[in-house]
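Dropping the structures in below, format is structure tokens.
Below are two complexes that have subunit A in common, paired first with subunit B and then with subunit C.
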Partner chain A sequence: MKMRYLMLALLLSIGSLPGQSISAEEILNKVDANMISKSGKSTTRMVVHSRRASRTIESINYSLGDSKFYSEYTSPPRDKGTKMLKLDSDLWIFDPNTDRTIQISGNMLKQSVMGSDLSYEDFMEEGSLTEDYSAKIIESITHEGRACWVMELTALRDDVSYQKRRIYIDKERFVSLYEEWFAKSGKLLKTVSASEVKRISGRWYPTKILFKDELKQGQGTEYYIDSIEFDITIPPHTFSKAMLKK
Partner chain B sequence: MILRLAFRNIVANGWRSITNMLVLSVVLIVIVWMQAMYFSWIRLAETQQIDWEYAKGMLRVRSYDANDPFSWEDSHAPLSAQMQGAVQQGELMPVLLSPASIYPQGRLMSAMLKGIPHDQNLVKLPAKILNPQGRDMIPVLMGTVMARSTRLSKGDVFSIRVKDINGSFNAVDAIVEDVIEIPAVTADIGSIWMDLATLREVKAMEDETTYLVMADAGLKSLEQGEFKHIDKNEYFADLYQMLKNERFQQALLYGLLLLLAMLAVFDTQALAVFRRRREIGTLAALGFTRGKISLLFTVEGALYMLFAGGLSAVLGFPLFWYFAKVGFKLPDSYDEFGIQGFSEPIRFVYPMGEILVIFALILLLTIWVSWIPTRQISRMNPVDALRGKVN
Partner chain C sequence: MMQFLIKGVFRDRHRWLLPIIVALAAVSILVFTFSFLEGYKLSFERQTSRFVSGHLKVVSRAYAEMLDMRPYDLALLDIEAELAEWQKRYPQLSWAQRINFGALIDIPDSRGDTRVQGEVIGFAIDLFQDDTEIRRMQLTEALQSGRLPQKSGEILITNIAFEKLELELGDTVTLLGSTVFGAMTMQNFQVSGTIEFGTKSLDQGAVVADIQDIRQMMDMPGGAGEILAFFANNEFQPKEAARISKDFNARYSDPEDEFSPQMLSMLEQGNIGYLMQVFGLGMLWMSLGFIFVLGIVLWNSGLISGIRRYGEFGLRLAIGESKRQVYFSLLVEALFTGVVGSLLGVLLGTAVSLYFNRYGMDMSLYNQSGNVLTENMLYAKLNPITLLWSFIPGVLSTLVGAALAGAAIFKRQTSQLFKELET
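Moving on, here comes the complex of A and B:
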């Protein structure tokens, strides 16, 4: 009898091993909980590699929910003062050299941001993983020394930008360490690799990310988050067009 | 008699007359050359656009504005049953436009995908080669300017990324089936042509169309709902506006040239009135009225212009012939400016009506300028004139 209870207990314990009993949806919820905040302020560096040289663009960024975003470039001197404002589906750029604000739309949205592997369209992306995708755990692997679930995400609606994604989620920290974003045709469009994850304000957050446009030649664009604050109070006027010319 | 006298005076005037006629003929040659250039440019641009894009007319989605990139992504609409019928009859040809990102040799660039039925025959674009049947990759066609700017050539493979009707990314590989000379710049610069059905499939836009090309001008009656008839004036609005601006500059130049020529005529005539005062006195003594004497000088001026016209024809002929045969061509580097009508040599056609009107106007101007100095004659005392005195 004792032996039977022992076997049962062992089986139950196997079933409740960390990461084994959790559903795909719960994983996405935990990832969203790490990544999404009501508001945020960050200082970042974007390292853009071109054929001849690399350049680093530093910026201060503010966000409110997933529909409002304001960014100001602080370096290099040539780009200092360039500002970008996103309000829902509209995007404006202020160029201090010409003292003009232009709205980015249509074909311009498809252009690369400062020569990086990110397009303006990528900045327009909104929504959390759980809102946009249904998920399926494909397998468990070890990626860069971390135990991960490989998950396949299928868009819940036709208007989601990437209809399919494959993501590697760190089993312990619930952070995506590697992502593949696919077109409707199944063609791989972008990859995102997080090579550094830090504990910030109780969340695990990637602080060094490599974005790579897979249709484009090159080494990709490195993105460093040097500091980040979550759920802070940001004055509403930060997300106004008047801020661009200030 | 006045005419004979005027002719004799011109001959007697020697090099002064020749200089006057030369100046007038140079002005005439420049004006005729420029008139012919503008006339032939517009004619060629219209012909090219009509042959390659406009045909007999166009029905276009109201929201589309070629100068407003904001409008491009959403400028499409389904066809009415009546329009679909006309499409099946071959009377209308649907074209779908879609902004896209392309990756030639792994470089990110923007382009406009243009879907055209591969079995069309309304415009000169050789769409047959765009038939995707039995092909692994989507065949596309582009003009030489686009090929140069993307550094793509025949046989090259590149990726295309678009957003479909719902806003979701789609991407496909395409092969450059051919690179051709497309004289209509709007069908070349920034454009990649592919089969309409294929583009609709990639964009998930079944039956969506941006504009319809008409086989017959009478089909404008099909204008309805989302589709608006685009007449020639609207279609060529930019070209006509550019011509209007050019015309202004042209008028300034003509004015300057004519001013110089008229100054030469005026100067000669004023000097002649002063120099020939004894002759004026003699003519008056012989019974010539002041009016007749003025007429003599005015006829001399008019003759200058008539002879200058003849001289222009002789001197200008080699130039006019060269531009009519060989044409006027801007360097290739100007192709990318997208000026309609400059993609191939402009072979000059001379608008005789316009040229004759201009000639008549200059003739009148010359007569007037020749007459002005003769007003002095009316104030002359014949006796003083005979004695060589000036009033």
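Moving on, here comes the complex of A and C:
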């Protein structure tokens, strides 16, 4: 019996051996399959390190597909009740102190979210890599003890925030472990490192990520996914402007 | 001998009229130009210190590294106890806490949605404790409509922005900015009045709010981006400023702590020191330029006069005067006409400058298109150095002109001069 399990495990591992006639597009599809769900709910913590202090910002987030996103900040007290709604290419912020809903557009999209290394533009990115980028495999390496493909992604459209990306995809789990995001000029703008990946509801999902804005001083922003549920039923009104003022 | 030469000059109108008129015109222009420049410099100094630099400024060491960007996220926080100590130690200074910030101004429609947005620069000053900052920023003079803020939550906005955003007095606007920790922050304000500083860079889009409101908005309790210090007589004293900043930094600034305070004299901030130096050098270069240009003019007039006086020179050489003596007498005559012309020029220039010192010159049209911080009314400023810097070029240029023209005497053959005498 034990021998049969061992054989099965061996066969499965042979099936996912690196570089075995898998195309770049197939890899991205598998990554998307891990990352994108029909719907999702998560609680997250963002630890923002600035020159002056470190702050932890907690939020509850809901998503529907890759174009609808709703987030409510629960901590610290100053930011509690701040809500963010993304519907396709529009983004609104609700501030409970002023009772105002402001649409974030233009240059404001490049501003930092809560002082983090992430911009609103980063939040606006649609989830699917295959829709935004063409990809090619550059090489195979070992990153943080994991066998990875290094892939170079080139944006298919001009309106994609980062025109080039270099990503390290875990060959076994099809999760991106490290990314470099470049401007059209080739300047490195951001790096993203996933240092913890968990198996959640049959998907491999990064739960501890470090975002670093390479144009800023500082230690970057740690992003923790404390809990996440996939493909759950979320009331449609969650993704409406009316929800912001509730 | 002197009397003889002087009488000679004044009995021949051709010898004195042109040199004196040229020196008079040039020196009076110089006196006025220098006094105008001095007034411009003082206006720049006053306006820059009011809005930007103070006579001295205290910021965190981290802020000082990026001073021009005014990074208020690197502001000094909970600074009130320290400020009280500084006020005791340097009683000759008056202090003002400021936060300069950039923000987005969002105007809601009737449903509370964004109707229009714009970018503004913000000045957070102490509006309510007393009226020192209101006077320093000349807000009463700058007020165009409405009134100054009277309570927390009210702001002033520049006229241009007010019109561009189609606002009404009393409208509620939302300022969007970042907290000192970088998080987005919003605060509602009511527009109490509109202002115009008369300087394009400020008037394009600026708001003035009370510092307590902005502290709350920016999450910086007891904080200030910059703490400005002014000398009691409101005149910048470069040497005293340098002495105080050295003493302050030795006492309170810690190179190991990027959030320890650092004091900067006005001249150490951005390119202010350079601009002030340019003003000083400008006077020197203008003087030299005037000497050169007037020297050429007077050289030519001297040449014309010299040609006219060839007969006289020939006669003087014939009766035994040396070429050197003739040349020397020409220089003495020039010195005399130069001194008289320059004195008259100083008098005329002083009169014109005093007029503009009293009534000023309206520069508002120029300021609307420029970015240099100067007041709309510029007042000429006379001082003894200005007069000296104008008088000396007047005399020197007359002398240089005569020296160049007189050099021709040495090139002429005595026989030639005799020949010209015969004709």
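By our rule, the second predicted complex is superposed on the first by the 226 of 246 C-alpha atoms of A that agree within 3 Å, B and C clash if a C-alpha of one lies under 4 Å from a C-alpha of the other, contacts with A are read in each partner's own complex, and residues count from 1 in each chain.
In this section, contacts are C-beta pairs under 8 Å (C-beta built on N, C-alpha and C of every residue); 3 or more make two chains touch, one makes a residue touch a chain.
What you see is a predicted model; the values in this text were computed from it and never measured.
Overlay on subunit A: subunit B and subunit C clash in the combined arrangement.
Look at A:N97: by the touch rule set out above, it reaches subunit C but stays clear of subunit B.
Once chain A of one complex is fitted onto chain A of the other, the partner contacts of A:R78 are limited to subunit C, with no touch recorded for subunit B. In the superposed pair of complexes, A:E58 makes contact with neither subunit B nor subunit C. When both complexes are overlaid on chain A, the residue A:A183 reaches subunit B alone and has no touch with subunit C.
Applying the stated contact rule after C-alpha superposition, one finds that A:V113 touches subunit C and leaves subunit B untouched.
Residue contacts after overlaying the shared chain place A:V48 against subunit C, while subunit B stays out of touching range.
Among the candidate segments 2-10, 92-100 or 146-154, the part of subunit B whose C-alpha atoms clash with subunit C in the superposed model is 146-154.
Contacts of subunit A with subunit B, set against its contacts with subunit C after fitting on chain A, overlap at residues 103, 108, 111-112. Across the interface of their complex, subunit C is touched by residues 48, 50-53, 55, 57, 78-79, 93, 95, 97-103, 108, 111-116 of subunit A. Those residues of subunit C lying in contact with subunit A across their complex are 62, 73-74, 77, 104, 106, 108, 112-114, 174, 176, 178-188, 219, 258-259. In the complex of the two chains, the subunit A residues touching subunit B come out as 103, 105-108, 110-112, 119, 121, 155, 157-163, 183-185, 187, 189, 213, 215-218.
For subunit B in complex with subunit A, the touching residues are 68-73, 99-101, 103, 105-108, 110, 112, 159, 161, 163-164, 166-173, 202, 204.
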